[in-house]
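What follows is a pair of complexes built around chain A, which joins chain B in one and chain C in the other.
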Partner chain A sequence: MNINTIVSLAVNGISMGMIYALMAMGLILLIRAIGVMNFAQGDLLMFGAFITCWLTVDLKLPLWAMIPLSIVCFVVVGIIFMFTAYWPLRNASYPAATVISTMGAAMALKEIATLIWGSLPRSMPPLMKNPATGKVAVLKIGSITIQWQFILTIIVGSVFIYLVFVLFDKLYAGRMMQAAAQDKYAAELLGIPTILTTMATYVIVVALASTGGYMIAPIFMVSNTLGTLQLRAFAGVVIGGFGNIKGAILGSLLIGVVEAFSTIQFSQYKDAVVFLVLIVFLLVRPQGLFGEKIADKA
Partner chain B sequence: MKKMKSYIKPSSFLIFIALAIFVALVPAVNQGYSMMILNLGLIYSIATYGLSVMLGLGGQLSFAAVSFMGLGAYFTANLCSGRLGFWVDTSLTLVLVLIISTVVAFLIGMILFRLSGTYFTFGTIGLVQVTWSFYLSYKPLFGGPDGISNVATLRIFGWSPVDYNQWFYVLVVIVLIVAILVERIRRSQLGRSLSAIRDNEIAAQTLGINVYMTKVIAFTIAGVLAALAGSLYAMHSQFVSSDMFTFERATSYIIMAMLGGVNNTFGVFVGSVLVTMLPEWLRGMQRYLQLIYGVGVILLMVFMPMGLAGLAGNFGKSIKRKLRSAAVKNAPAEKEDAK
Partner chain C sequence: MLQIRDLHAYYGPIEALKGIDITVKEGKITCLIGSNGAGKTTLLKSISGMIKRTGSIVVKGDGEIIDKNSRYIANHRIIHVPEGRHIFPGLSVKNNLEVGTINWHGFFGRQSYANELEEVYSLFPRLKERENQLGWSLSGGEQQMLAIGRAMMAKPKILMLDEPSMGLAPIVISELFEKIVQINQQGMTILLVEQNARLALQVSDFTYIIDSGKGILSGPSSDLKNDSRVIEAYLGKAVQKCD
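So, the complex of A and B:
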């Protein structure tokens, strides 16, 4: 194994880790805000991939028109998702009910995507093309070649992570959302519209997952099996420590890198390797990288 | 707790009548393919009973059922298909599966229950992914992507079921045994300990319950039942492949349990059969089936989180109340309104 493969695998792994991190952040935001494990996270990513693929390939929209339109779509999906899979169940007496309803939502999302866009996997053109040849653009440093797509994924992922941190640390709206998440009743007494903050959380979660879908679409085919990626995000969340965004991001990156490097030796068993890492982590350090003190909610 | 007046309650009497009608009527109506699907429903219900012990009694959400089903199925497939060069008697294999799965489930349970709550659930997800990728890829033991075919059918004392209708009777007997067993567990000390853990772990501890061991035993029971289901599945279908043991399958077992009512022995059975048969009944709407299924799960959670059994229970209660208020003639009207 030479330096060449090590670098390209590392970049590959980190970029996949970024996508898992986008999903994992959404998971944690939902767990913190409403205490629900979202089993539809991967299918939201799949839906986002389909929406962006539809806008760019079918409608042939240029990038400047596609981005605002897809954001509108994400907002609509997020609000619909909230009012079907969570809102009717917010006062449910049985805590597992909300979790299981997200499983139902996952199935429904998968099927809606198949009904709208067909069951055949679709290919998406690479976001970064070599203008001369029209093929995938690569970055060459010495003997090392890296696809620009991976670098772009890492950049976009970092920007989104930064934005989420700015929202929750610096902005008033983010503080409102945090207050509503910590104590809904007290927040309502202070005049914070908790329905709006919950809605905002859902929209952010859907936007994060869907952006992950947009970034991953050129690497994989766009198909309704993309939803299985959510299990990696779960693993990242657990490794990082439940309810901790920083930990979840690091955990997801770790999962991505482990996955990338495990393809050298055991490409068939890469799932097994990833989840063995998870199980080992659970046994050795069940509280995660950044141990969380609050009690188990979900 | 109300004191039980007699051993046979009217509801359990009704259930037995319904079961008798079901057993008598179904083989007459269904033949061949739809009978096979129904048999699969019965097999799944065995695994779902294990889930009912874990989730309904113990409150532990576990996805591990498919891993143990795979264990049972592949164990049976290897011993009964001759691919390793020898054959083992099928009823002996069933016994072996029970023993092996007890040991394995106990050990894995001991490892996984070092975690609690949601962490445990994640641990089981990890287990499912690990076992699935081995079932899918490891050729020497699990046949790789092709699976294992030509598994011998069940043979008990020289008799073996020749078609799906005869299998149906065999499976009904096994499911009945499992159901009675689960019902006994529900009323035993173990069941009550589990319920105590579900409701409040710390309180259960103060009552002197060994929380860890109780959970591990429940996990073992669930694992053994799942392995039994897997073994029967291998003999029934005479073919095993890894797509039976994916994470998606695991969620469908949870939905089966929730549909019927996770805490109701009869409900679990109804849920498993309904979820398995639904695609057959809605064949005309094949395109929308998954959509209906998904939306149905959400609606189920909204309107009856305790499943069909919970709904039936409420219905029964309201009838009883009506009867009582009709019997007590001079009951004041406002009291009934308040209810």
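So, the complex of A and C:
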């Protein structure tokens, strides 16, 4: 194994890890805000991939029109998702009802995608093409070649992660969202419109996952099996220490890198390797990378 | 300031308040005492709009609020400090206080709340010292100060305190009640719910005693303090001898 392979696998792994991290962040935001483990996260990513593929390939929109339109779509999907899968059940006497309904939502998303866009996998052109040849653009440094798609994914992923941190740590509105997530009763007594903060959380969660879908679409085919990537994000959340955003990001990146490097030896077993890492973590450090802080952050 | 007439409140099919009349006078401390389950907390929840209720609640300047939701009531500066403090555990002390400003600041407002923050810090210097600590790491007394300070950030015209003394050491309680009296002396109208009847009667101007969701006795606190029925039921004979 030469340096060339190592670098390109690392970049590949980190960029996949970024996509898992976008999903994992969403998972934690929802767990914190409404206490729901969202099993539809992977299918939201799949749906986002289909939406962006539809806008780019079918409607042939240029990037400057595609981005705002897809944001509108993500917002709509987020709000519909909240008012169908969560809102009617929020006061259910059986507390797991909202969790189970996300599993139903996952199936519904798969079927809706099949109904609208058909069951055949679709291909999405790479976001960055070599203008001369029309093929995938690559970055060459000496003997190392890296696809621009992966670099772009890392950049976009980092920007989104940064934006979420700015929202929650620096902005007044983000603080209100955090407060509503931590103690809904006290937040309502102070006059925070908790329905709006919950809606905002849903929109952010869907936007994160769907953007992941957009970034991943040119790498994989766009099909309704993309939802299975959710398991990677879940592993990332557990490795990071359930409930900790920074931990989940690191855990997801770790999963991405391990997955990439495992393809050297046993490409067909890379799923097994991912879960082997998860099991090792559960045995050796069940509280996760940042586990000790869970109780504190509540 | 606040006139409550024939207030009924319900938890599902159970009627928790069975027609209560209370008047809270402007600039005074009005106190509500009663045993466990008498309906004191329910009464505050009915005023702040957290529970289904009927009857009439009229606020000076705002009119009838019986059909309004909790957000409307908080936005009209009637602020309820809940039992058990309910501070935001993962936010720092300063951020907890900031959250209190939402009812006049709004999500995207640009107003400064530096003055309000300064006032709360001068009232509770301990909070200033702990400014950057997370909420959960404070002691019980500090958490109660934070809960009251957070409510003060909302610029309330009526401050409702539910069991501020709960679970605190006697020395902390007396320190805390000094602050409550101090807040009242600056002109704040306070509705205080307390199980510690003796303390409540000491600091308040007017007291209502409720039991099983009904008002059973009311009067100026100085009179009730010496009322034989009150002494027997809420203060205890032994306590009176000690005094």
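In this section, the second predicted complex is superposed on the first by the 291 of 298 C-alpha atoms of A that agree within 3 Å, B and C clash if a C-alpha of one lies under 4 Å from a C-alpha of the other, contacts with A are read in each partner's own complex, and residues count from 1 in each chain.
We take it that contacts are C-beta pairs under 8 Å (C-beta built on N, C-alpha and C of every residue); 3 or more make two chains touch, one makes a residue touch a chain.
Quantities reported herein were computed from a predicted structural model and do not represent experimental measurements.
Asker: Specify the outcome, clash or fit, for chain B and chain C once both structures are aligned onto chain A.
Answerer: fit
Asker: Output check: A:F234 vs chain B and chain C. Expected answer is one of first, second, both, neither. What do you get?
Answerer: In the superposition, A:F234 touches chain B alone.
Asker: So, does A:W64 touch the first partner chain B, the second partner chain C, both, or neither?
Answerer: A:W64: touches no partner chain.
Asker: Using the superposition described at the top, determine whether chain B or chain C touches more residues of chain A.
Answerer: Ranking chain B and chain C by residues of chain A touched puts B first.
Asker: Of the two partner chains, chain B (first) and chain C (second), which one does A:Y172 touch, if any: first, second, both, or neither?
Answerer: Second partner only, chain C.
Asker: Determine, under the contact definition given at the top, whether A:A92 touches first (chain B), second (chain C), both, or neither.
Answerer: first
Asker: Examine A:I192 and indicate which partner it touches, taking first as chain B and second as chain C; both and neither are also allowed.
Answerer: second
Asker: On the combined arrangement from the superposition, state the nearest Cα-Cα distance between chain B and chain C in Å.
Answerer: Minimum over all C-alpha pairs of chain B and chain C: 7 Å.
Asker: Shared contact residues on chain A, chain B side and chain C side combined as an intersection?
Answerer: Comparing the two interfaces on chain A, one with chain B and one with chain C, the shared residues are 296-298.
Asker: Which part of chain B faces chain A closely enough to touch in the complex?
Answerer: 55, 61, 111, 114-119, 122-123, 125-127, 129-130, 132-134, 136-137, 247, 251, 254-255, 258, 287-291, 293-298, 300-302, 305-306
Asker: Under the definition above, what is the set of chain A residues touching chain C in their complex?
Answerer: Touching chain C from chain A are residues 172-173, 175-176, 178-179, 182-183, 185-193, 196, 296-298.
Asker: Under the stated contact criterion, what part of chain C meets chain A in this complex?
Answerer: Those in contact with chain A are residues 48, 50, 70-71, 73-75, 79-80, 82, 86-91, 95-96, 98-100, 102-103, 105, 107-109, 134, 136-137, 150-151, 154.
Asker: How about chain A: which of its residues touch chain B in the complex?
Answerer: 37, 39, 84-85, 88-89, 92-94, 96-101, 103-112, 114-115, 228, 231, 234-235, 238, 242, 268-272, 274-276, 278-279, 282-283, 286, 296-298
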